[in-house]
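Going by the order they are written in, the chains are A, B and C; count residues from 1 in each one.
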Amino acid sequence: MLHSETGRAGARLRLPQGLSAFGNILKFLWKSPTSAFGLIVLGFLIATALLGPLLAPYDPYAQDLQNTLQAPSTAHWFGTDELGRDILSRLLFGAAITLRIIFLVTIVVGPIGMAVGTIAGYFGGRVDTVLMRITDIFLSFPSLILALAFVAALGPSLNNAIIAIALTAWPPIARLARAETLTFRKADYISAARLQGASSARIIWKSIVPMCLPSVMIRLTLNMATVILTAAGLGFLGLGAQPPMPEWGAMIATGRRYMIDSWWLVTFPGLAILTVSLAFNLLGDGLRDALDPKQMNRR
Amino acid sequence: MRNPRWLSAALNQAATIGVTLLGLLILTFVIGRIMPVDPVRAIVGEEATREVYMNVYQQLGLDKPMWQQFLFYLRDVATLDFGTSLRTGQPVLDDILHVLPATIELATFAIVIGAGIGIPLGVLAAVNKDRWQDHAIRVFSLMGHSMPIFWTGMIGLLVFYAALGWVGGAGRMSQFYIGLVPDRTGFLLIDSALAGEWEVFRSAVNHLILPAALLGYSSSAYITRMTRSFMLDQINQEYVTTARVKGLSERKTIWSHAFGNIKVQLVTIVALAYGALLEGAVLIETVFAWPGFGQYLTSTLRMGDMNALMTCVLLVGVIFIALNLLSDLLYRVFDPRTR
Amino acid sequence: METPILDVQDLRVHYRGAPQPAVQDVSFALGRERLGIVGESGSGKSTVGRALLKLLPTAEITATRMQFGETDLQAATEKQMLDIRGNRMSMILQDPKFSLNPIRRCGEQIAEAYLTHFRCSKREAKERALAMLEAVQIRDPHLVYDRYPHEVSGGMGQRIMIAMMLLAEPRLVIADEPTSALDVTVRLEVLKILDDLVREKGIGLIMISHDLNLVRNFCDRVLIMYAGRVVETLNAAELDRAQHPYTRGLLAAQPRIGGNRQPLPVLDRRPEWSQPMETSA
């Protein structure tokens, strides 16, 4: 329903309409305590990522060998690690890394998935078969294992981890974009554009991509929890961000050695991962409800 | 008259599987080729002369064009020759067959726990849709879905092993028992039971329970969500009303009528969740020093062991395809409507 | 008149969250007779049937009187209702395609109705079910017993439904549009089977339908419902003497063989129709 309306309104009117729809969705999400929690955590994450350097009480890389493995205290709320670095400061700086992963994965996965999906859906036939077969092959792996293999091939580093995650995260987006494309491929305004002599590339870019955008954005949000967990898993296995970078998964990996005596080394970074991924999951859940027409009517 | 249709469906299915397998092989081949490891160096060592190096280079067929190398790879795979592991010096296939039972044991327990939690919770959530039970179950299962499993594993060890001493620690059994039971099937529970070593059996269960429970909890999220949505579809069907009209209790109506109708779908879901467990297994095996496939895969990665890595990735893909096929078959066998 | 099987006064059903009640001020008494409830879709006729069995968990059901035999339905606990449903009062649903459990054999579903209410062996229940299948004129009961619902025709499915609901010999059967989903050719056959069994066993029948002709032929008395209220109660034989404009409108909208070929009149609804009329039934 949303599609046909925005479709007829044309490209220029779409933006403000989209914005107000976005506002409505936010309002809906705010009403449910669980998705409100998700929103708050997400806002908090963004704020920390931007303001981390100002908020952090210490330099996240500054070693203090006099004060290693200190339990949480008023001086170090979350304690210190094996090199005497302040864990709270490292967590705050780590937020920026998490956000960077999310951002980069999104801007890689969105376009790839969108391109494959819309092209497959628009042209159909053999193009569709080939592209969807490739998508299925990628889908036939658990994402972490495929990401592991890619990182192994590319060499361990944060950027390679991001590339590997992106390479494994596009297939569901492509499937979605294809399904969306199929629903309005035959629509009158597409035929009209074709009759006016618009090229296929132009039709896909100007008419189809904007229509797929909302649902693709939502799907990307839903996937974020998985992305965060995969990135943390790669960091934990030593295949993602490398020490001394304060990436949360890598922090847990180094803290593991001191775990029995110094629980705070692994506990706080783990809680940070859990909180953020839970926030995305709750938000995704709320979004699903928000976009379910039956639920919207109940407002 | 039914035969040709049945046959063409089977052929279609086989063709799809064939294409997917081929794609899988291309993928593993590409991963192997772009790995920053020189396979020749890894075999001949750093000090080998140029002559020896070139010899091995040609033996491995690396001087041939890519497509020919790929054909060699296909031939090797077809004859189940996956090469030798650079790390262990053993044939990769032997290595993997050796570590696989430990993972299957873990994953099977985990899926039993995951389905055991997820299915009843999903039904309960559906029956109490939009009431507090539904919300509580949603948060509980999303929590399981959001946990970094490697971290939960550590916290679990800290709490239940180090602090409370309720469960065994890392490994498949206490150090003390290692080597006591002859390795017949590779499944420690079966082996120890066969040998009548009940002490070992208990120790094995003690060590298995925590990683399996955590893995199960994390996979129960998906099972709960799917069970809930399948049940919601059934609850409003007329035949459920019929069951109530007959005078069946609410419990019987839900479990013996509505639930009966989602069993086949659940089998599919559980099969897929079982495959997804492999992912968690890679991480949890590292935390629990579990000598299984996941640990083998991660050490392979760290060493840049090309042959072993390619085979591991291929195996995971094949397992996934097989599980998909299996759930498809189960659907056909169990649903009277598809017979 | 003998003591009625069912006596309902001022029944009112209000779905939670709905602006107004789906059914209100419905009163009737039922002896060993066949009562038809007629109305258009949304008139609340199906809701009445389900309210009697207390099958509406999301609705509030109130009445000044709701007496079924010795039981006060309004005060009955869920446990008492379990004993009533399928045993003393049962209901035949509209479409066997949806109302039979698709993954259970038809026979098992019938036998289950017996097993729920009587202590007996599975074998005995099966024999009862087979006998009942014979009673609804199924030629090869053993064959049908082992069939799945998707393997039987609609008419057969509805006979299975009837067998299931009459197996425990209830005192009252509610038939909710029992033939609307069936082919026109088998409708009469299925109705006849139902009718014969109901007469033979002295069961009270409430037939819910939108089909005036059908109700006229198979019922003794007819309630006409409109917008959640009973607007008129008539003896089936006196249907032509209906007073209420809605009933008259319905009658006028019936096609007639040999009648003129002008377009049939269409109901011209008025708000005052939802008021009941004084009638002679």
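Throughout what follows, contacts are C-beta pairs under 8 Å (C-beta built on N, C-alpha and C of every residue); 3 or more make two chains touch, one makes a residue touch a chain.
Values in this document were obtained by computation on a predicted structure and should not be read as measured data.
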Pairwise touch network: line, ring, star, complete, or other: line
Farthest chain relative to chain A (centres taken as mean CA coordinates): C
Distance from chain B to chain A - Cα centre to Cα centre, in angstrom: 25
Between chain A and chain C, centroid-to-centroid distance (C-alpha), Å: 55
Centre-to-centre distance between chain C and chain B (centres being mean Cα positions), rounded to whole Å: 53
Chain A residues touching chain B - in the complex, by the definition given at the top: 34, 133-134, 136-138, 140-146, 148-155, 225, 229, 232-233, 236-239, 249, 252, 256, 259-260, 263, 266-267, 269-270, 273-274, 277-278, 280-282, 285
Chain B to chain C touching residues, read off their complex: 237-239, 241-250, 257, 260-261, 335-337
Touching residues (chain side chain B, partner chain A) in the complex: 19-20, 23-24, 27-28, 31-32, 34-36, 135, 138-139, 142-143, 145-152, 154-155, 157-158, 162, 275-276, 278-279, 282-283, 286-287, 297-298, 300-302, 304, 309, 313, 316-317, 320-321, 324
Contact set on chain C toward chain B in their complex: 53, 55, 78, 82-87, 90-91, 93-95, 98-104, 109, 112-113, 116-117, 148, 150, 161, 164-165
